[in-house]
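Chain naming follows the written order as A, B, C and D, and within any one chain the residues start at number 1.
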Amino acid sequence: MSITYLEAIREAQARALREDPRVFIYGQDVGAFGGAFKATKNLQKEFPGRVLDAPISEDAIVGLAVGAAIEGLRPIIEMQFADFSTVGFNQIVNQAATLFWRTQVVCPITVRLPFGGTSGSGPFHSQCIEAIYAHYPGVIVVTPATVEDAYSMLLAAVATNDPVIFCEHKFLYYHLKAEKLPSEALPIGKARIAREGRDLTIVTYSAMVHEALAAATELATEGWEIEVVDLRSVKPLDTDTIIASVARTGRLLCVGEAWPWGGVTAEVIARVTAEGYGLLDAPPQRLNAKDTPVPYHPNLWAAHRPTSRSVAAAARNLLRT
Amino acid sequence: MLQTVSEPRTIGAAQLAAYRFMLRARLLDDKFAALYRAGKIHGGVFLGRGQEALSAAIGVSLKKTDVFAPLIRDAAGRLAFGETILDAVRTYLGSALGPMRGRDGNVHRGRPQDGCLPMISHLGAMISVVNGVLFARRMKGVTGLVGAACLGEGATSTGSFHEALNQAAVEKLPLVLVVANNQYAYSTPNDRQFACADLADKAVGYGVEAHSVVGNDLAACLDVVSHAVARARAGHGPQLIVANLLRLCGHGEHDDAGYIVPELKNSPLGRDCLKLAEEFLLQEKIADRAQLAVWRSEAIREIEDAVAQVQREPLPDPFAENWTALSTENLAEGRE
Amino acid sequence: MLQTVSEPRTIGAAQLAAYRFMLRARLLDDKFAALYRAGKIHGGVFLGRGQEALSAAIGVSLKKTDVFAPLIRDAAGRLAFGETILDAVRTYLGSALGPMRGRDGNVHRGRPQDGCLPMISHLGAMISVVNGVLFARRMKGVTGLVGAACLGEGATSTGSFHEALNQAAVEKLPLVLVVANNQYAYSTPNDRQFACADLADKAVGYGVEAHSVVGNDLAACLDVVSHAVARARAGHGPQLIVANLLRLCGHGEHDDAGYIVPELKNSPLGRDCLKLAEEFLLQEKIADRAQLAVWRSEAIREIEDAVAQVQREPLPDPFAENWTALSTENLAEGRE
Amino acid sequence: MSITYLEAIREAQARALREDPRVFIYGQDVGAFGGAFKATKNLQKEFPGRVLDAPISEDAIVGLAVGAAIEGLRPIIEMQFADFSTVGFNQIVNQAATLFWRTQVVCPITVRLPFGGTSGSGPFHSQCIEAIYAHYPGVIVVTPATVEDAYSMLLAAVATNDPVIFCEHKFLYYHLKAEKLPSEALPIGKARIAREGRDLTIVTYSAMVHEALAAATELATEGWEIEVVDLRSVKPLDTDTIIASVARTGRLLCVGEAWPWGGVTAEVIARVTAEGYGLLDAPPQRLNAKDTPVPYHPNLWAAHRPTSRSVAAAARNLLRT
């Protein structure tokens, strides 16, 4: 048996529904249809009354989830694409994210954002907007890169008493596979060493972990040992694991699929240079997408986001300094 | 649209009870206005002057187990729903002992655990939250309750209002959405806000029931609001109430409302609902002037006592403050 | 709501012209579907099958100086408004010579400078942009034009729809908002989307005029749409058209639409507007079968020629690409 | 005569309306009332038909502006508070910001955001959200700190052919004064040395410039010479001026009133460490607001955002490393 990243997300939801009567799922087409990506396939049948189609009303979808959370339920919201969460943005960052701080009433909602670029998807079905959520206080933002993490972090998200923005990468949905579902996992907030090395640390997350790993494999043939840190959650950021890695390698490259201004890569570098400055043997570098909307055509898209090749090139440059 | 005609006025307990909430709300608002002028209040002061009849009618029509999302002009509804004067004063004066503990202020108070939702400022945003509470209770098998959300006519222009009312209609939730059409949104007159003849005309487009009421007529407000609440409670789905009235003060206490045209002030809408209610009580001999004076001075004493007490209470202390927005403390960043 | 009854059908040029746009749109859509199945198209393919009569009616009712915001099912309206088959094919095949130059694709094409707005994906978001164009032209003193925006019934649930329609009503803009109620939003049936009896009932709540039409009846669509466009052009403010019809394909070509219930497929709504139009032309002897076949093969040749031409055209080149989103190049960051 | 920051904004709009018939103003209460802060006082009377009250519909307000821009007009949008722009967010970042890139049709809109903390304003009338806009491609984000810049940068914003997010700080509205309006100005994209010094560079923007200057004055009494760089625009960022300053001082403190995760201060540090690493004699440090919503009570608010005192303390720490 083998299970995909997408199936892991479905299985995690099935388990959450099974084990916790407070859980329900709400989003466009998540019901009988099973969701635009089939992440909720058969769940409505299996859990009648607990998997509901929503109108095309992202603001009200999130608002309803917050109200249900106030009543002690644990809603899972599926946005059809992360890009459309911009119209539910206000309810996430100003309603859900402030509730506990203002009232001491917890707000355990999970917002699933199918995000990230896939070939041909264009400017409005490809965005990586984890940073706009992470900038706000009161939310947790996770970015699983593996089948195992997709499963265990979604379960952890549902179990968490705060709003969790669950960024699931569409590029990983179908072709990332694991043998089985994990029985234990790192908690949210802990990064993972995806590959060990001693010459340079690549800090990255989500789909870019796989580009970084491929780059590391390529660089290994040139004699370089690259360490790859998979952040797993971008807020909170596991600064300790990053700094420990940089302490071993002395070199830091941060890779993100999001736009270059601000965001995860800037935050990682600001933390490492503030707290681990003496550990660096060379200026820390970043590699992000280009500062334009995500282009539709595959020719442009492949040049817009970082790839194993551009990651390897950036790493080579940094190894030479 | 359902035509709701006020039944012949029933003289009695409901109006009297509602009047007393109106009176306390008015006096409480007056006190906040005075404290504001004295520089004792941080942030904005928004009053319900002229809207107390409608607001009180909502509060008295709800049960304690219902859910209520008041807005900036709902001191009367809050008191009637069960909020204490102390909660209000503590929030306005930033007491560390208040429900918001100095983190949020003034009109942004509430206790979600008691069914009173503390508004965020973004207009229209609370309605879908009320939907969520109602949805959750239904999912848990709790029945027979309603949720009321208050709104100004200006907020009907928000996308949030639309999405939430439609959502409530699709889910057939027992939502009572009360729109106080006070003719202005801050300075903006209705002709720059909407183009329909009557906001109640919106209901048919959502498939919900509508009720119109003259908002400074307490008896009418009680009739219409309690009727709409009963309809919602009985399973007839969302109810839209549109009340016509006039705000008898500025948008906030910083505003002299010079933009309100005299024709409106001098129209029947410009009559003060509190005075009208008092006249009615006197006329119907439910109370005499002496009794009204007693209630007034009792309320003033209660308010003054609360203010005096709160002024001795501790203010929020930044050093004692837990500087994290998360309940899961081990996942919070940046605490010192 | 204004009651618009179809006038007795006028046999003639308008229907014939509209039919030919419908035919070309259907054949173009068929070609895109075939190219999609052959793996030759990147991204989603969304077809207008079953909605051509409505869409073509919009396109032929507009002047070239009007503004048009088509949506994903408006190949017919686009052609009728003046978009070329070449523009469509170039965008679907990502040609560097197309209007979007490979930056955006497929249904997201347009030429704002020619009055055809390229949709962003967020449903409802284009309506207020049409408002802005109309508002600007009025400010510049240009009169007598209209703006048409297309929408599915699902998109009426968005806050953007509501804000924009209300805005148009307040500004009394010549907006014609055409809602194609094809009974489903992706897989979501109407009873999970709205609760009103008829979406045209929304109009009264905005103070705009409404028109209902059977969406697979070309003559009715031409009557109603041209009438609404004329009303808008004559200064009667926004017009809301609601057409009832059925999508005769999947949401996109990846979708087999297994969720569409047989009762709807077998109902009058399930009849193909293109076939109905052909039957009408034949019956009224406006054209015979041979003529129809000629038009069909002419259209096919035109489409095949365009595809053949575009397949020889350059694809976007990342090295030649100007990697900046700003027109003010000296303020752009991060170019290499 | 003296003129406030707020009056400068009014004057800039009056001049733009006077000199360019394409300009109009649209926003809640901007008409006869003159706006919640009186930034458009008397403008409707002076320019009939060109200063219009909008309904409470931020999404449609921005959408209308984009349509008008397509027709060649130059709308100025006033959001009543920056915080409410979250409900117009989608039209800004996905409609306005992508228009030129997608179509080559320019989108010259100016969105005025009265932003930043003032005492007692609380979580929803105090936010600094420049970073969520700057993260997106296709927009320019400016943050004037002086009366002169409020005036000249607003004129520059209106003249720019791209969407400009004009972040005007409410704390500066009334008490920041200048003798007269400037007749010339630095262009958008250039930072300004607000105070020269050689021991440490504070990079900051908007209201925090004044906290930094006060801190510099205080530290001068201790013998330290602090250089203060006022970014003026946060996107684009004038990396050259920052790096030149760091080259002189060897020490960098970035101060922002926004939340700590991501944002301007992280971006500045990531750039300086990538491009000017060798120039630093100590780890670069940041000082931001705390990671909670902005508290209502002045006691809490004063501790939530950086102040001259906390800036001075952070600078002292950094001077000692």
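The criterion applied here is as follows: a residue touches a chain if its C-beta (ideal position, glycine included) is under 8 Å from a C-beta of that chain, and two chains touch if they have at least 3 such contacts.
This one's a predicted model, so the numbers in the text were calculated from it and none came from an experiment.
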{"item": "Labels of chains that are neighbours to chain A and to chain B", "value": "C, D"}
{"item": "Most widely separated chain from chain D, with each centre as the mean of CA atoms", "value": "C"}
{"item": "Between chain C and chain D, centroid-to-centroid distance (C-alpha), Å", "value": "41"}
{"item": "Inter-centroid spacing, chain D versus chain B (mean Cα positions, whole Å)", "value": "36"}
{"item": "Chain A-chain D separation of Cα centroids, rounded to whole Å", "value": "30"}
{"item": "Multi-chain contact sites of chain A, meaning residues that touch two or more partners", "value": "54-55, 57, 59, 83, 86-87, 90, 94, 97-98, 101-102, 123-124, 137-138, 235, 237, 261, 290-293"}
{"item": "Per-residue multi-chain contacts in chain B, two or more chains", "value": "100, 103-104, 108, 120, 122, 157-160, 163, 166, 170, 192-194, 324-325, 332-333"}
{"item": "Graph class of chain-chain contacts, one of line, ring, star, complete, other", "value": "complete"}
{"item": "Of chain C, residues touching chain A in the complex", "value": "41-43, 94, 100, 102-106, 108, 120-124, 154-155, 157-160, 185-188, 192-194, 259, 315-319, 321, 323-325, 332-334"}
{"item": "List of chain D residues in touch with chain B within their complex", "value": "28-29, 31-33, 36, 52-57, 59, 81, 83-84, 86-87, 119-125, 260-261, 290-293, 295-300, 302-304"}
{"item": "Sites on chain B touched by chain A in the complex", "value": "99-100, 103-104, 108, 110-113, 117-118, 120, 122, 125-137, 139-140, 159-160, 163-164, 166-167, 170, 324-328, 330-333"}
{"item": "Chain B-touching residues of chain C, taken from the complex the two chains share", "value": "157-163, 166, 169-170, 172, 191-197, 199, 201-208, 237"}
{"item": "Touching residues on chain A, where the partner in the complex is chain D", "value": "59, 83, 86-87, 89-90, 93-94, 97-98, 101-102, 123-124, 129, 131-132, 134-138, 235, 237, 258-259, 261-267, 269-270, 273-275, 277-278, 280, 282-286, 290-293"}
